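Here the structure comes first, spelled out in structure tokens, and everything after it is commentary.
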């Protein structure tokens, strides 16, 4: 789950990481108050969307008068921001964050991630901040520094000292860095985060460390015990179809093709897409009905697939392990009847009760093609989509 | 470092362990207000001293009217409480804690300690609460249950379930116990405790778990990072001589004999006491001047030893490792001059610069016997003490 | 004849009386698996599916289980795994999906310290055909044989199983290691076991996009595995940056793409198929 | 000829430029110890006592130290020990007193996991006479010989050393393991090393009241040690329940008294003396 920058910074502040106080505006009338509360004579206004690359498309701006602040707000609120990291529709902007303008002496990079290989939390730092860190990792790997957090001992001062030296921090900044390092790890663990990125972490003109940006990903599996964070979810930033799917415990990702797919299991769902493509077709979506698919979820899955007007045929591929194929068949029949489906359906059932399921489909006298060979089923679907 | 029960309960409350709200009174005028604030028609009044065994000597009492409350307060405030666990002078009472009276269904025992053998924190529980747990451990060891807290994984629900079953808790109480168990460990670690004892942990007549008593020992080595807890130290509860010593980084324990001892190192200090006893003498104290003994600390040590009127002779035993014997000699000479000492001193110097130190003592023309053989020195001191 | 489990494996089911556990334990028992009992706190002393129920793993140790199969809800998996590990049960299989990553970090470090094998979580389990089924896979598609199968995905494993069964090759054992960021066992752990198993002739490894488990496996294969390895990587057509169900299936910055993985495996001498439906055929070709 | 340290041990001093470290490093160098340099964060690149100073242990590894001697303040010992351990330095000696118990719990678990030997904290260190002195003991009371000495107390060790030196026995090595509740190494760890050392003929073990380290040692001695062990327990006259300086020296409920310890050691075949001044003589008698 993603958070907005202002939400991430609120959590940062709660964990004593150095961030600016900010003020949110949702319309131009609030700008004056925001500027007054923050004080000073320069402000940074940042559109709040779940995507990077805001700066390059004007979504982040340094403002030195209220008029320009109002103009920026009117320009963005209610509009969609389209950047390199969004799709072509962009992300809706409903909140603009106002922060005091801070003089930057130097930009650094700091992040925390779950390190799969090391089975640990790893901290990544670089003296090259404010840029695309993956490029730095590619071209100048020696400029990226890593510290692994040991589970028994936790973050240690010597690790922070090592990074401080690599980042050429002075003694005062090294002290600040140790606190930042320690608090970052605590926040990461306490909040079940999967990624925290501070890019840039800056040295201010007064010589202090300060988190200028804040990006946070949460572990969706842990939201049950992070209800405060779960409440921060902003559904407006997510694809409505994917959202609707996830509300029904379905995994759905919209794609560009015309063959709708309904599969059980993420691996087989990807495998089914690959198979369609291998035989010359184009999948319209990824859809995993999950291990414990019920009749109701299958019906819901159908409706979500059919919301996409590009879909010309639906390929159902079920390999019953937990799932019983007869329940799937029941779900398909119910859904076809309920939605008065006009496009063709090809169904491949295998595994648990597959014979029973196939029989039910055939007896249903609905226009459902049933073929238990995946190659044949895929080829039929491709043919029907043309 | 020890805490008062009311201080321990404050920390318990901060860590969400179930304790009663309490109210402190320091004179009889405050009793009425305390009773009113707490409400109800029965109260428990408990003298606050650093010692157990209060109940048996009347230091804890169930009270059902304000007059008796005032009587109890007047009886104790400003007096000393003498119990099995105090010395013959007893401990001064300056605070009485008032708590609501809670109906007890059953008394259990729960504690947390640093387990030296296991290199872990161990939780100890028993269904036999409110009694001397060491006796239970001796006579019915099968009634005591242990769980070791692993450093990687922390306290786990299955450990709490195991103890809950051993304590015959019902499902609701087991849930409460898991929270108590978890919070107890967190408090223990966060506060650098070395012992927490809840005796009794009770099941109330409503069926809830509740900490009726609370005893806490803190790790003195960790007080530098527990300033809030360090501030809770009540010097009035400690031996003034030992206190004064500890303020000067000296370890001093008063004993019953007449041979004052000043030694460097706790082990050698005990060894010196043993040696005196072995040859028929009686040590008046344990005193460790520590590894980094300075001239000033030696002088201070002398003063502390001499505050004890029983002392008839002082035996100084220094084996210089870190300590330089010449500095010790300097300290002795200065102290003897300053205090215009009238009792004899026997000094044994060995190790680092011992020759130099002995020479200085001899040249000082003070009445100091110097003998670098510990047996001889001890025997001389014993002779002089008779 | 197999890895990790066989006819004599004594299986303890944790969360035994839950609905999923009941469904799959029954199927496992019908398959011939030696399920000796289960654990459900508070239900100790009762019977379920004709087997004894215990309050704790400790109590169940009188039956000497040597494998634990876990069906408890995600929030309690950490506790259940650690409870079994503390009692020294050497093989733990956790089927449950949705276990928090932070829990798995702790669990993985601890079981490694104890030298215990954990399969999963978020996995179909492990099966040795005609001997023992510890998981949720449909038993009837399997056939005793000499192919070892390892997979990060559940249903995709079944495809590979069915193809090798249809071709008459059969399987020595099949393991689903799960698709989570921090799995209990890696491809490498299972490759090592299959490589040492005298009754496995070839190994099918079904991977997917995301992470770098396949890349690490490739390195291990080229250095240590002397049996043929056949591999398919799911997600060749997945768009970059989109999450495909599994937490493991995120493509991050050019790393972990199907293309990269397939190339790396090929360089390590692995027989890589680009069509899911050719896994079985290619295996047969490699063995001929 | 010794345990743990000898002429060729390359010693790194952590907290090198502090006053205590300076004093004792100088004495160690004069004794002939091969101190190769030290660490003081922020002073890297300078020289101290004619040896190089580094900012971190990692930087110092170019000199391949195989022992670290720690003099940093108590609040920083955890960090310093773990820093040396992370770099794989196999022997770490921490002199500092006052290290919080909770820090030592973490440190002890970690160094055990890594297989590293930690001596201390709150200890005089270790010396192999005429070869290497890593600690704060006065070097000149030692004499090369064939008695191994282990002690929880500093100055009490010196007594045992002096007595064996005066009698001409000398010492193979002397180790102060420290009196803290959670020491890095126990009596048992050192007994094992001395028992295996071909140049140690007898072992003097100086214990004290509190804890149960001596009782555990007794058990180990009767099962594993085939050299004579001579022991003295300090605190025979200490009143029960009173704290005698060391955190380890609390008598709790009949356990950990000198009397109990002496009896247990005697039953294990240890030669126990009740007079501190007879440690040397008894050792000589045992060897004759």
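To keep things simple, chains are lettered A, B, C and D as they appear, and every chain counts its residues starting from 1.
FYI, a residue touches a chain if its C-beta (ideal position, glycine included) is under 8 Å from a C-beta of that chain, and two chains touch if they have at least 3 such contacts.
From a predicted model like this one, the values you see are computed outputs, not experimental measurements.
The chains in contact with chain A and with chain C alike are B. Each of B-D and B-C has its own count of C-beta contacts, and the greater count is at B-D. Distance between chain B and chain D, defined via averaged C-alpha coordinates, is recorded as 28 Å. Chain B has its Cα centroid 55 Å from the Cα centroid of chain A. Look at where the CA atoms of chain C average out and do the same for chain D: the two points lie 49 Å apart. Shared interface positions of chain D, defined as residues touching 2 or more other chains, are 106, 109, 113. For chain B, the set of residues touching two or more other chains reads 151-152.
In terms of which chains touch, the assembly is arranged in some other way, matching none of the line, ring, star or all-to-all patterns. Contacting chain pairs (ordered by label): A-B, A-C, A-D, B-C, B-D. Of all residues in chain A, those touching chain C in their complex are 114, 116-117, 119-121, 134, 151, 189, 192, 194, 219-222, 224-225, 251, 253, 255, 263-271, 273-278, 283, 286, 288, 291-292, 319-322, 350-352, 374-375.
Within the complex formed with chain B, the residues of chain D that make contact are 20, 24, 74-75, 97-103, 105-106, 108-109, 112, 124, 136-138, 141, 151-159, 162, 179, 181-182, 206, 208-209, 211-213, 216, 232, 234-239, 242-247, 249, 253-254, 274-277. Residues 151-152 of chain B are the ones touching chain A in the complex.
Residues of chain A that touch chain D in their complex: 150, 152-154, 156-158, 161-162, 165, 171.
Residue ranges on chain C touching chain B, taken from their complex, read 41-42, 55-58, 76, 78-80, 82-83, 86, 106-107, 109-110, 113.
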